[in-house]
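So, here come the structures, one by one.
What follows is chain A paired twice: with chain B in the first complex and chain C in the second.
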Partner chain A sequence: MKLEVKDLSVFYGEKQALENITTGIPEHMITAVVGPSGCGKSTFLRGLNGLLREEKGVTLKGEILLDGENCSSLSPDDLRHKIGLVFQTPAPFPFSIKKNMIYGAKYYGLRNQKALDRMVEEKLTQAGLFDEVKDDLNKNALKLSGGQQQRLCIARALTVDPEVLLLDEPCSALDVKSSAAIESLLLSLKSSLTMVVVTHNLAQARRIADKVIFLYNGKLIEEGTADQVFDSPKDPITKDFLAGVFG
Partner chain B sequence: MIRSRLVKIWAYASFILIAAIVVFLFAFVFIKGAGTISWTFLTDIPRGAVLGSEGGILPAIAGSFLFTATAAVLGGIPAITSALYMVFFCKSKNMGVLFKSLIQCIAGIPSIVLGLFAYSFLVKDLGLGRCVLSGGTALAVMILPFIEVRAEKAFSEMKEQVIHSSYALGCSKTYTIFKLVLPSCRGELVSAIILGCCYAMGATAPLIFTGGVAFSAVPDSLAKPAMALPLHLYLLIAQGTTSLPTAYGTAFVMMAILLISNMAATLYAARVRKK
Partner chain C sequence: MTAVFVYTDDMLHKLFHKLNTGVLIALTAVSYLALAFVVYFIFREALPLFSQVSVWDFLTGTRWMPVDYGSGTAFGIFNFIAASVIVSLLAMIFASVLGLGAAVFLSCAASEKIRRVIYPFIDLLAGVPSVIYGFIGIVVLLKIFLKVGVHTGSCVLAASILLSVMLLPFLVSSCSETMLKMKEHYLPGARAMGVDYWYSVATIVLPSSFKNILLTMMLAIGRAMGETMAVMMVIGNANLFPTLLGKSETIASVIALEMGTAVADSPHYHALYAAGLVLMLLVFLINTGIAFLRNRLIRKEA
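Take a look at the complex of A and B:
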């Protein structure tokens, strides 16, 4: 397992958002986290890369191991370097496309202009965006379409070479065509990256996920391969959720 | 129905009243002062038996810019860093409330009291004497809350996801602040500093005891006293009708500088937003 989560509990003040989650994230696979709204999917994701610690009044308990090493022994910056996160709503920096792309690399000391240019081209190509923007790299990223912005954010996350990429409902703000582009992008990245995708779109989870984790009311109800969870769920709550009794 | 129409009429009437006051005020000063404005008036030193009734206001213009620049540096930097602290570092709610109260407290201090404080502490106790630095410091304290509130608003209005995207790349908070937050908010920050400067440039009371004088040459150091436009205007009016035309001329120049600065601040902020 690339990531192992042991008894992860999260509290917002007094309120418990996640209860003793224990699971594993397999390497070079896409793990989909599904569940109804407010079940703790996004909290789980933000817990994995320590971003929750930046929020006021949040307490985390339990252990998260990355390649067997306890994440709490890493500094928050190192942890986020290794475990990247892409948000639900595209969040490009209000700079040019190129500046967005070199932002992280510069932080890690890459200064050589040629190397930066090569990296920009490589990562944008990986994200399937280079051909669309290659003549306009100095254009403000906020002027791109929603789908392009989200692919830029994924490309930007790739610039720091993370080992794991977390994606919080990356297609929820996008149209069908842009969603399809993101899905094929994620599938193409699988060989080099471990990914965890939170999604409320069960069809999407079925299309792209190797493993599925079903959360309900902050608890892990069921997990398994996509076929296991979608075709023969064991828990009655999972069955009801997949049947659309609640969502 | 009638009530909402009355509210609408009231709103329109208020707008027209405010617009009329602004237009009348500017027109009044510009018409009265326009006759005095000349190249000599802008580039000469004050002259005449009643000082300032003839000659120009160059030392006052230069002094005002120097006082204001000193205030912008001494007030702007702590104002922006305080705002950064409030938005990015202050985790304790009580500390935040206390800090906000302190800022409000500074904003509520009458400017003449600031002048008195600067006189007794900087001029007398620290022995700086009456100079641009003492006056500029008093003005800096005056504009600090003005800039802090605007900077804090600009920082807190930045989308949380954009800031978290930087953290999610593993970038430190310091890097995020210098490379993302400050460049993203530069329009609002520059605009806040320019507006703060306008506020400082119009203030007379903090300068009376601290660094503003009735006559001096164009200052060449922060350790020397200087003339300032609002103080010069006050003295010209106090001298009676002999110097009234140059008083209107001085007011004309002040209003023009404030108007241009305000417009520059608005245009700059709009341009940065558009980019």
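Take a look at the complex of A and C:
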């Protein structure tokens, strides 16, 4: 297991958002977190990269291990260097595509121009964006289409070589074609990366996920391989959810 | 029956629609007319002067002797123009340095709670009448300059400092709003890569707010140019070329000080109108410059 979550509970003030979640995120696989809105999917994700620890009025219990090492022993910045996050709404920096791509690497000390150029090409190629933008890398990133912007944001997250990439409903603001591009991108990244995708799109989870975690009301109801959870759910709540009784 | 009602309903809608558009056009026309009248009257009252003094002499002359005391009259407003421009520029620079610092603090360092307490104070600062600022200038600023050794304390620097305080609220609220928006939109992406908070503020929030800050600064100059009362109270009002610690006089203060004593239709009277015309054109020029710059920046972004 790349990430191990042990007895994770999260409280917003008095209100409990997650209850004793214990699960694992397998390495080089895509784990999908599904469940109805408000079930704690996003909270779970933001717990993984330590964003929650910085919010006021939030209490965290339990522990998260990255490669067997307790995450709370890492500084928040170091943790986020290793565990990247891509947001629901793509928000590239208001600079050129190239500047977006070298921002993180520069911060971590890569200054050599040739190395930077190589890195930009490599990561954009990984994100399946290079062929579309190679002729105008100096174009303002905000001029790209929504789907291209999201792929740029994924490429940007890759530039600092994270070990785990968290994606918070990465396709919910995109059209079908762009979503398909992102899905195949995620599948191609599996060889080098561990990913956790929050999604409310069950068909999407089924297409890309190796492991599925089903959350409901802050509790982990069921987990397993995609086939197990989708084809033969054990818990009645999971069955109802998959059947569309609620959502 | 219902068909008839629907018909009248529809008519009513159309009538209201027409009335609405008509009223809006009329209101717009009134505001444009007001502007047109202002421009017309200033031109009408200013132009007679130029049958006596050439435009060039008026703009570049440094002698201002509106009433003949034996040595003849002279109408040169070069020093006043220089004072208006320099005082406004200095005020804008002071205010920008201070205001940007405050804006960065408010948008990036202060918590939501502190912001909620401080914003109303900034708005309050904007509501203080300029004559009150002038008072404070006389009571506090001029005393300090007097102690330092400036004769009577009145000087260009005092006026710029006072004016900069008056520009602050506008600069701070406008810049911090922009920065806050940029921070909320762009910073999470940088933070998610583990980039240090203040590093990302310096490399993302500041550059992305730059255009707006520039526009705000230029708008501030436009406002500063027209400010009369507070400046008049601390600048000393002497027809001298503006130097930091010397007295001077801005276009606005000449007009305010002398309009009451100028004989109607005398050259003096027309000269004051002409000075007003110059001030108006200066501000107009600056505003056009801003509009031009904004259009270019926006086009570059789109």
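Here is the rule we use: the second predicted complex is superposed on the first by the 247 of 247 C-alpha atoms of A that agree within 3 Å, B and C clash if a C-alpha of one lies under 4 Å from a C-alpha of the other, contacts with A are read in each partner's own complex, and residues count from 1 in each chain.
In this section, a residue touches a chain if its C-beta (ideal position, glycine included) is under 8 Å from a C-beta of that chain, and two chains touch if they have at least 3 such contacts.
This is a predicted model, so every value here is computed, not measured.
K.L.:
Is this a clash or a fit when chain B and chain C both end up on chain A?
P.N.:
clash
K.L.:
Is A:175 contacted by the first partner chain B, the second partner chain C, both or neither?
P.N.:
In the superposition, A:175 contacts neither chain B nor chain C.
K.L.:
Thinking of the overlay built on chain A, is A:27 touched by chain B (first), by chain C (second), by both, or by neither?
P.N.:
In the superposed model, A:27 contacts neither chain B nor chain C.
K.L.:
Determine, under the contact definition given at the top, whether A:104 touches first (chain B), second (chain C), both, or neither.
P.N.:
Both partners, chain B and chain C.
K.L.:
Quick one: is A:85 in contact with chain B, with chain C, with both, or with neither? Answer first, second, both or neither.
P.N.:
A:85 contacts both chain B and chain C.
K.L.:
On chain A, which stretch or stretches are contacted by chain B in one complex as well as by chain C in the other?
P.N.:
49, 51, 76-82, 84-87, 91-95, 103-104, 107, 140, 153, 156-157, 159-160
K.L.:
Would you pull the chain A residues touching chain B in the complex into a rising list?
P.N.:
49, 51, 54, 56, 76-82, 84-89, 91-95, 103-104, 106-108, 140, 153, 156-157, 159-160
K.L.:
Where on chain B is chain A touching in the complex?
P.N.:
91, 159, 161-162, 164-172, 175, 179-180, 183-184, 275
K.L.:
For a test of understanding, state which residues of chain A touch chain C in their complex under the given definition.
P.N.:
Checking each residue of chain A against chain C gives 49, 51, 76-82, 84-87, 91-95, 103-104, 107, 140, 142, 153, 156-157, 159-160.
K.L.:
Can you check the complex and tell me which residues of chain C touch chain A?
P.N.:
So the residues of chain C touching chain A come out as 182, 185-186, 188-196, 199, 203-204, 207-208, 301.
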